[in-house]
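There are two complexes below, and they share chain A, which is joined by chain B in the first and by chain C in the second.
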Partner chain A sequence: MILRVTVYLIMAFLLVPLALIVLFSFNESPSFTFPITGYSIRWYAQIFSDPQLASALWKSFWIATLTAIITFILGAAASLAWLRLGRNGRTVLEVLCITPIALPGLFLGVSLLVLASQVGVQLSMITIVISHVVLALPMLMIAMRARLVLFDPNLEEASRDLGASQVLTFRRVTLPLIAPTLISCAVLSFALSFDEFVVTAFVSGTETTLPMYIWSMMRRTVTPLINAISTLAMVFTIAIISIALAIAAMKRATNLSSRNAA
Partner chain B sequence: MPPIIEITDGNKAFSGFKALQNINLSIAQGEIVTLLGPSGCGKTTLMRIFAGFESLTSGSLRIDGKDVSSLPPEKRPVNMVFQRYALFPHLDVFENVAYGLKVKGIGKDEVRERVRNMLRIVQMDHLQQRFITELSGGQCQRVALARALVNGPKVLLLDEPLAALDLKIRQHMLTEMKRIHAETGATFIYVTHDQDEAMILSDRVVLIDRGQIVQIDTPQDMYNKPNCLFSAKFLGETNILHGTVVEDAAGRRAFRSSEGSFHYQPTNEIASKSAAIMSVRPEAMSLHAENPVRDNAIPATVTDVLFTGSRSFYHLVSDGGETLRAQVQNMPGLSRPNVGDRVHVCWPHDGSVVLPASPGH
Partner chain C sequence: MVSSQKTGSFLAAPAVTYMVIFFVAPSLLLFSYSFWTASSFRIVPDFVLTNYLSSMKSLLFLKVTLNALFIGLVTATISVLLSLPIAYYLTYVTRSKVIFYLILVTWFSSYLVRIYAWRTLLGTNGLLNVALLQLGIIATPVEAFLFSPFAVGITLVHIYLPFAILMVISAMSEIKKELIEASRDLGTSPLGAFVRVVAPNAAQGLIGAFMLTFILAASDYVTPQMVGGSSGQTTGLLIADQFRKTGNWPLGAAQAFIMFALSILVYVIITALARASGLTRPRKSILRQEK
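Right after this comes the complex of A and B.
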């Protein structure tokens, strides 16, 4: 009984703020207090009527998308290497990939800035994406390692034995098995990049991402616009996950029906 | 008929360690051959060489008359059943079995036909849509067999396929395996460390020890005519006596040990006065209160009796201090010796095998 109540309380603690954000994003008045006097979508309209905000949102979206794609590819490559390396090689790979997580974002930001100026790279969207990948990859590798220790190397041999080349084995066995973890890690990378602030502040140069814009906005006044932005981000994330699940279910259904046709 | 698989002077070394030495083996179409040996003897390595996951350091391997040394696993006409099945967890039963045919680009209708047919043979056609995680060990075993056999391999390699199953299902799967072998007519090469599996299943047993083939024979011959101490001890239980071969004035051979002199029927040439061992199976021994004289006999004391229903196992200590094990068929109304009784442990002249004492084993 106590356990059950605790679980509900924790879930409420996690979900109520989200529900409030969604609710207030439709609030007509700019106040953050009950009772709600009326509903409107003016804050949503305002997002798209503010060109600076829209551009920051768009920029953050692209940075996050690129970060997610690059971490996905690097993560897949690192996972393949991990599966083929011996014990020592795995340790080296883990140390190299996971160490950045131990560094405070502040130092990471400074060192990336120093590196960029040493190499002579202009601070831009590119440097932002690179630094976000540096941040997201350790998190992906930690999650992937948990998946990879369960990966039976005999599966790849079984595939070869059944007539599939190395490339075909990767496409039909290895990738489908590690893809669910990789994709969820990529979604996490997207989220991580979308609201990253500390490191971005060092390497963004003249670019303004969404978190930076909101921060500068909040220094003047707290606006309900933020609720609308958060709600949009949430809907977007849920949509991606639902679409992925729906595609998987549809594939299975067509597969079964084509098999049973004759 | 030419052999379906033939390995000549095969050697395999892993960074200096000789995993396999001087392997010569040829297997005929349709045979069930077991590679038997203790763990670490190299039998799995030999299997992986057949499959193409390892290559020979020297020697040649021919499958169906063609040298396959340079062929990768996917190009060899063999399929393997892995020890822990290695079924694809992201595919259901049907897709697992269809995998090999699909990657070879075989048409949809033919794939469906062959997969269904094979699932019928292994009696899994009612569970086509199940995922692997929803199957029992025995069911996984059937799917693994079907996945390999559906490709029509010239040789089916089985790597301790029953090791992960419990005893009851294991016995059932052994008879199933025989039935499936008869129905498909494929050649089976079966790796195991379990002598019972080897004897029940095989046409021939290849006994391997420390990277070398010790003996190749039918299960009956390997059990009754082991060619060395290792064979005698690895298959079944046996009593080993150490001694020398002697020759009487009439030229008759006998085996002399600290327990006495015993007659035997020589099956191999062992020079007189050379060190030898005598192997006597427990079931060849009988226990008598009086020495019946016509047989070999050792006076001994019963130290333990294990009654298992149809048979009893006797542990005895001879007067010379040798530990012996005898197996006696139980019959109603027959009196049996008890612990502490003095008996004569007897066996007929043709109930033993005498082998040269090999220092290696």
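Right after this comes the complex of A and C.
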């Protein structure tokens, strides 16, 4: 009982500030105090009349899409590699692809900035995508590793022994086992990129992504317009997470049904 | 087997190449930058220790670094402590996925939005002040809520708690449920089961969760700057400013590596403390779930 109350209190601490952001995005007056005198959607209307904001949103969307695609391709190949490599190969792969998670964004951001300036590359949306993949790939690899250690290599061998071609084995055995986690992680890397600020601040040059735009607004003033943008961003994130979890759950369902069929 | 290893290397190549170019190379470059010199907006390859020495001799640097370490330690301690009941509840008590889902949502919901939320909550016209005024607990708005170490702490805990919870869950999920049930059947209280069974077995994972939260919080330069006011000066901000404003990149690089070395030092101390207190002992794998 005490445990449950503690859990609910902590969850309230996490959720109430976010709920208040949403609540005040519908406040008619630009103040942040109770009681709320009237509700309106004027701040939302304002979002859609701001061309700078629309452009920032659009840029963030494309950056996140590219990040998710590249992370997916690199991660898929690396996961398949992990299954085939020996102990040493796996260690190399893990050290390179997982370590960045233990480094602060600040460190990754300035080191990529230094690289870009040394090589003479202009900071652009491309450098932003590159940096986001460096952040997203480790997240994907950690989740994949937890899946892959459960993978039984005998399954592939058995399929080959039973006469399935390499392509068929891949399609019917390997892929169904790793695809759901891979796809849900790729979806999560979209969410990660869409919201990324710390690293982006160093490698974006003159490009303004959505978080960069929110940041410049936040520094200037406190307005319910920021609440409205934040609320939309949150709704978007919730949708993304739901998709990712639904894909991950689908895997469990198919695994179960194939087990029952066997 | 050999051909499968060859395919493996071939498939690993893109990710490995990517990380070598965009993670290893820039880190090494940053490290060599820390020995270079900057003069009149030009960065000259060199090999001097001036950047390190002048940082360590600077009182300001020492002050903000201690502040950053303090912020990191406090945030990580509170976050891990608060994670324990939630992770325990999610791993062993409930089967509902709702709380887990909400935690994921908060972790992925915008970093800046959460800082902004606390700014509006703690400000002089913020909700906290207004509520306290209306309840008659205070007569005039308290300005000290925002731009204080308290504001930095509560915001950072709010930001990094979901992450800590996810890490602690993954540490706990490696411990068999039966072990806890057995100890409960033998008459141990829930707290006792936690202290005697969960904590020792999850210690390594808990240290990992603590360290990662510490690193994230100690290097966070945005939150302290936005809600901490004059108490928000941290090494992270100093480093960020070297790369954005003043333009002494080699000095910033050296300070980044000092921070990096200090993080490792903290890890070594925490691990040694855990071992000295008997929390981490090499325990055998029977206690863990069979893979």
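Quick notes on this one:
Definition applied: the second predicted complex is superposed on the first by the 227 of 262 C-alpha atoms of A that agree within 3 Å, B and C clash if a C-alpha of one lies under 4 Å from a C-alpha of the other, contacts with A are read in each partner's own complex, and residues count from 1 in each chain.
Everything below uses one rule, namely that contacts are C-beta pairs under 8 Å (C-beta built on N, C-alpha and C of every residue); 3 or more make two chains touch, one makes a residue touch a chain.
Nothing here was measured: the structure is a model prediction, and the numbers come from that model.
In the superposed model, A:E157 lies in contact with chain B only, and not with chain C. Contacts of A:I69 after superposition on the shared chain: neither chain B nor chain C is touched.
Judged by the touch definition given at the top, the superposed model places A:T6 against chain C, while chain B stays out of reach.
By the document's definition of touching, of the two partners only chain B reaches A:L177; chain C does not.
Using the contact criterion defined above for the overlaid structures, shared-chain residue A:L168 touches chain B, although it does not reach chain C.
More residues of chain A lie in touch with C than with the remaining chain of the pair chain B and chain C.
In the superposition on chain A, no contact is made by A:L232 with either chain B or chain C. Contact with neither chain B nor chain C is seen for A:M125 once the two complexes are overlaid on the shared chain. The intersection of chain A residues touching chain B with those touching chain C, taken from the two complexes, is empty. Interface residues of chain A facing chain B in the complex, by the touch rule stated above, are 152, 154-155, 157-165, 168, 172-173, 176-177, 255-256, 258-259, 262. Chain contact summary for the complex, chain B toward chain A: residues 51-53, 72-74, 78-80, 82-84, 86-90, 94-95, 99-100, 103-104, 108-109, 112, 129, 147-148, 151. Put simply, chain A touches chain C in their complex at residues 3-4, 6-7, 10-11, 13-15, 17-18, 20-21, 24, 31-34, 73-75, 77-78, 80-86, 89, 92-93, 96-97, 99-108, 110-115, 118, 130-131, 133-134, 137, 146, 149-150, 188, 191-192, 195, 197-198, 201-202, 211, 214-215, 218, 222, 226, 230, 233-234, 237-238, 240-241, 245.
Residues of chain C touching chain A in their complex: 4-5, 7-16, 18-20, 22-27, 29-30, 33, 82, 85-86, 88-89, 93, 99, 101-106, 108-121, 123, 125-127, 130-131, 134, 158, 161-162, 170, 190, 211-212, 215-216, 218-222, 226, 236, 239-240, 243-244, 249, 252-253, 256, 259-260, 291.
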